[in-house]
């Protein structure tokens, strides 16, 4: 931003011809201004600056990235105990959410808004559900967990109907045939986000089967995330939750 | 069979040496006996001798095959009005089930047994459901149709619960995400057969999506047929229905 | 609902024993009450009762369904001119949105709320974008169309940045490689819904390519609908838009 | 159930207005009544309450679930020796079926009915075949094993023909090209269930090849389970077997 | 060839230095010599010079190619009646094999050798089987057709066992689940070539299902051609048949 | 651009405070400047402004787009005779390249540079090859066509070796198994671009087979375009050809 | 066989009525006779009785199967050093072909016939090539190995042309893009069998890429085996080689 | 070459008849001459003789191949530290590029030419990017690395625009949704090569998702390499870079 101010001052002072100023400005849009503007925007938008996806990164790479944000809340997803043991030696205010495989650096954010419900179908889907729930909590949402209420026992789902209808937004995590999100969506009027998981075998195709189920739901308006992407669902839920509170301001 | 009898007679009369008889018999198993035995068996087992799948066959070929069974009930599936108009000129006692795309030659069979329920999710699945229902009726089963009770309106399904539980076997035909068979199976104790249909678009992949859903159902014991295979489901349902009546004899 | 009231009255009057009343109630949950309750709920939730997907349905079937909702707004998607010409003879207050392939029966709804932006990448994606935009308008949303601002000309996208950031929710319709939704999501803080289209050739796989692109976006929080599902995206956008206005009440 | 009774009593006593009673009842159907009703039904239907699929669950999770059913027969499938060693310390009446990878808690059930035949094509398919056979036995069925009678040696199959035809229902487990179930179905008149296995290489695609073979069988009525799903096939076979005995009562 | 002779003559006569001759020769291998040699070889090898695959070619293109071989036997596969009507006006000695979709120009070749058996599973596979049988006949082979002996009626196959075992090489054409080639291969000792056809529906995937079946056959030594490639199978069969007669010379 | 100049002038004149100027500039980068700059850049880069892909566009849409570039050379690919007949009525200087399915508006460009060779494997690949060749010619390249030199007759390829090695860049169009580009690449030292075509059947999977062949080539450095994308290959070839001439300036 | 002889004797002696004999014979075809006949046939056909595919089998299972054929040559494919070390303790006359991963029990067979050439594209394909070569040698064929003559260096292939043309049958093993078998087939007149290998990465899809290449070869008559199926190719080659020698007898 | 010279001398001396010389020459084209010619050509073309792909090769095999080129620069890709430790004992002038997994034997080449830019989207793509960058450097190119400038932060990309536009050729390595190469291509006028990486999860399908994205890019002229094929991209880039310098000579 300083570069731009200087340029304008030099024009104001007559130190810089308009033609030359124009030439300099032509290269600016993609550089200084753009940089500053988007960056500022990103911080506001996201609620917190960065989430690191640990798979395919070395412990050293992860630690280096975490250190770049010394005064902000930041999380690392798909983080093993081993990674946590490695990074905690060099970081302050860091904790590990074991079931969620999430490392949290800094405090969870505060925000007002409705409740995000995280629903899962079976015990095996819990890791993804927890990735979603913990992420959403760190982003400042109030989270209601409703686990193990899969389609094979419909009564378990119905007993939660009141809670579901009182949510602002619902994330439904499901492996196997992935029919749960559609079923939930057929019973409520709030936005529902489906997250297929890779839990299954054979024709499950590591999550392709429930993904297809969700994309083809005859219940309109169900939106879908990538397989096992609990963090992404939390992010979307948080964005939607932010929306409603914005309105109150 | 006559050939065998002759052979034995010749052995009995001393006209044939045992060694020579053995040589003749070595070639028999795959020929005369085998032929006769299996064939007889097939008629008993199937309830009626043959069903012709019309796709990829010419009208002339279809008519020729139908004529080979002059005194028996026989059906042709995936048959257009056009095919029916062609074959009815040369056949007696032939009728067309338009919605089911089935040509029926001869009378429907009679048999005692439980009720076969045919359930479908949406209006668009009706052709496959009718292929199943009509086939099952011609095979002699009492059929109960319950159409358009898909997952997007759960109350429609629940209002049929009594009927479903009173069936001997249930065929559930479903396109879109194909979650209905699993849902039905979670509510009843009789065998449930799922038939995915090719009705859908995009990631529906012409029926692959609901097929995967059914194969991955977390409700145990759901069995699945090929996409759009209403006839096959009717056949299986009929076989199961026969089973229970066998026991009474 | 009347059945239930009667039952209670008979209990109140002493005409019905509690034990018998319990027996009757046991069968109710899946029947009368359930039916009424969900149904009422559905009307409130959806904004309007039903949308008919015309593919794989006959003109006659479509007309019959449309006639079942004589006093309500209802739409038919993927409707050809031919279908419209057929149904308009027997329906009042019906109009055809040609580019969107939508038949509208009844007036569009009214509701307060933010703006739904519908973005598309290229001329060929317009049908799906229009299906989304028109559906959203009939559901009562204010819709802002921004068409033909694909990734091959980044400046077209940037020139709309202000509009995009002022939306409540953004639907991005894209064929070819489907990178546009992720790009938009990287520039705004409101929820973004991606709709892949079947427009492309070769390895496009009729929409699988852009679908995968959207599911794998490195921009967090992007949610995805089935290929060509403009109506579903409108439905979700409307649900999110409703959310924010709920809060104001 | 008690809640409902109380409510009715209060109506009977005049302590509760009908309007208020109606309001309370509106939330009931999906809660207390529904819960009880389905639950009771499930126990009757299944023969035993629950089967745990061990993959993707921790030893601790498995033990916790097993402990929830202290007085009932329950099984855990895909259970390693290691899991068994862990759970047996805290459970009574527990045994391990090693080839089948099944942990059994409690006694096997008793029921009358026909014979379930479990057929397998090769030595490598034995684990899945045993999962099916042992599950079916614990569910109370009489099981006849016929292993290693694959299609490459037709005489092995033919020598079992009598046994196959005397079964109530036949489960055929096959890897490689998966042609065996269709072949068996062409020779018998009882229901046949195919289970593709993941045993093969290259284009076998971990079981997709035999699955497709079974789905496309030209022998009508063959139904198919997910790849390696021996337990599901046992469950279906047991359901069919139950059917026939029901009739005798 | 003349070029080479000239070159050598010039060397012999002393008109060309060895160094210059070497330079000329360096460019020869990929040009004149190579051309001549391979070409000559091709004619001997193939039995006849060229087969034209008509799909994706215009009638005009097909006619032009056919005219390039005025004195030789040549065939056009996948040729419609329409193409034949077009080309027959300008060609002598041309006939159309309608069921096989083959145009034959010139006489069929003569050769000694064993019998090529062409087996097919169902009526719908006949076009591919005929493409194979007619091609093989034109290549000079004695062909034995055995159609409609599919796996659903095993006795039909067994009744042909003697004929099958007396063949030099067997081509088995099969759609649906494609189990027939493996079954045939399990019963004979001569080479078996499988040709999957695109006849089927749903998970048949236009021939992928039977292709996979054949590739995964547990009967060793079964070789496979592309889907519907009857001509290719005839070519291979002919090559194998040639082999055996070579030996006699 | 004028907007920017004005802004600077107002700063120069003292009519605009620096702070306010900064605010205005913050929104510029994605708007006016960006627009102008990229646009200018695009024209230089491309050689000509726009190519319209006609599939999924109406004749009217195509004409409208063509009219937007009144003074420039522009092409429309995948254009049928029917589209040409429609647009030629309203456009000057328009011609149709029938085999290439290309409409050309305006004159072909002039540029110096090496030769672009376009190689194709068979008669059926000619449409894609022509799309490439004609596009490249209109872009100003000298094009050398070498058609029908597929892998089944190696001598045809070798006879063109000199020509191939004298090219600046080679585009190889191939259907069927798609081995030709790798073979060509193994014989030359210039960049080779492979274009798989959708010409084939069965496991060809409409071009997936040759695409995979090219991507997996053991000859290093072969780059690949989408199936049937002759225009894209011409564009890349032209870019590479431009490169070399750039250097000379 | 003895059972049949007894039966005939009893008929001859008058100890058995013809009617009873017929009844007994009806069950025979699929049992004793069939058994004996096929079995005898199998031994003649195969050259040696059995090959064990070791994957998915335990060491104990493998040893047990090997022991069932005490006096015959038998091989185990995909056998690790570890398996060999286990079985060699209990078997005589056993050796390990390490590169081929084959355990051989008993002597290699003797037969007259032509030469089987085994060609491979690269060093990484050697395991599959050796599985083929060693298998073929044990089956009694003279084998000529030509390794590492892949398509990226065409001269290596051409230098072997004489050898290739003098083979009776050629097996070409190729990973990567799998173009080598088609290339070889274009240069020779003997049968060529392609074996795709799983060696590659990315879009190689563990062998699907070269498999598709081979199936789509524009060189007619190329036949294909499953991915990595060196043994199967050896078996087919041996069957073809047997054919030619048969003729001489 | 000596063979040919001898032959010509013998013709010159009259020791060899022209007819016999012709016979000898007929076998030459695919042997001696061909061999020599191509080989010489390969060395010139490639810049250096060979690159070894280490996957699926044993350490011993790798060492043996490396030793065959004692006086030339050669590289081994996908080489682990373990392989390097093994080979360095027996080789001189060998070094290990750890991040790139490349073993280099001999000095990097020298050549004049433009700059090759290697761009990557995220930290996890660095291995592939380094494989490309290091390979290109050893081939003698000047390489500019621009890592971690993925699509989720557009400003990072824009800040590098100048550098990108000053490159001769750009390689863009991207995992996740793979939109970066298309974005870069839309901003520059030099050739862009996309390399999808296998970094991702779920529907990423180990690189298929970004591959499809790149193939379907609406930005014309983007060419694509196999998944993770950094070496191949370097090779192509080097070929293009060589082109431009050729022109200067």
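Residue numbering begins at 1 within each chain, and the chains themselves are lettered A, B, C, D, E, F, G and H in the order written.
By our rule, contacts are C-beta pairs under 8 Å (C-beta built on N, C-alpha and C of every residue); 3 or more make two chains touch, one makes a residue touch a chain.
Computed from a predicted structure; not experimentally measured.
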Checklist entry - Going by the contact rule set out at the top, which chains touch both chain B and chain D? => result A, C, E, G
Item to check | Higher-contact pair (C-beta pairs counted), F-G versus G-H | outcome: F-G
Item to check | Gap in Å, rounded to a whole number, between the CA centres of chain E and chain D | outcome: 50
Next on the checklist: I'd like to verify one number: the distance from the centre of chain D to the centre of chain H, where each centre is the average of its C-alpha atoms, in whole angstrom.
Outcome noted: 54
Checklist entry - Using CA atom averages as chain centres, what separation in Å is found between chain A and chain F? => result 39
Next on the checklist: Residues of chain A that contact two or more other chains, please.
Outcome noted: 29-30, 34, 37-38, 153-154, 187, 202-204, 208, 211, 215-216, 220, 226
Next on the checklist: Please list each pair of chains that are touching.
Outcome noted: A-B, A-C, A-D, A-F, A-H, B-C, B-D, B-E, B-G, C-D, C-F, C-H, D-E, D-G, E-F, E-G, E-H, F-G, F-H, G-H
Next on the checklist: With touch defined as at the start, can you tell me which chain D residues reach chain C in the complex?
Outcome noted: 1, 4-5, 8-9, 11-12, 14, 18, 21-22, 25-26, 28-30, 33-34, 37
Next on the checklist: Considering only the defined contacts, which chain B positions touch chain E in the complex?
Outcome noted: 27, 29-31, 34-35, 37-39, 42, 53, 55-57, 61, 65, 196, 198, 206-208, 211, 226-229
Next on the checklist: Per the contact definition, I'd like the list of chain C residues that touch chain A in the complex.
Outcome noted: 38, 41, 44-46, 51, 168-169, 187-191, 193, 211, 215-216, 220-226, 231-232, 235-236, 238-240, 242-248
Checklist entry - Where on chain G is chain F touching in the complex? => result 121-122, 150-154, 176-179, 182-183, 186-187, 200, 202-205, 208-210, 212-220
Item to check | Complex contact set, residues of chain D against chain G | outcome: 123-124, 153-155, 158-159, 161-162, 199, 201-204
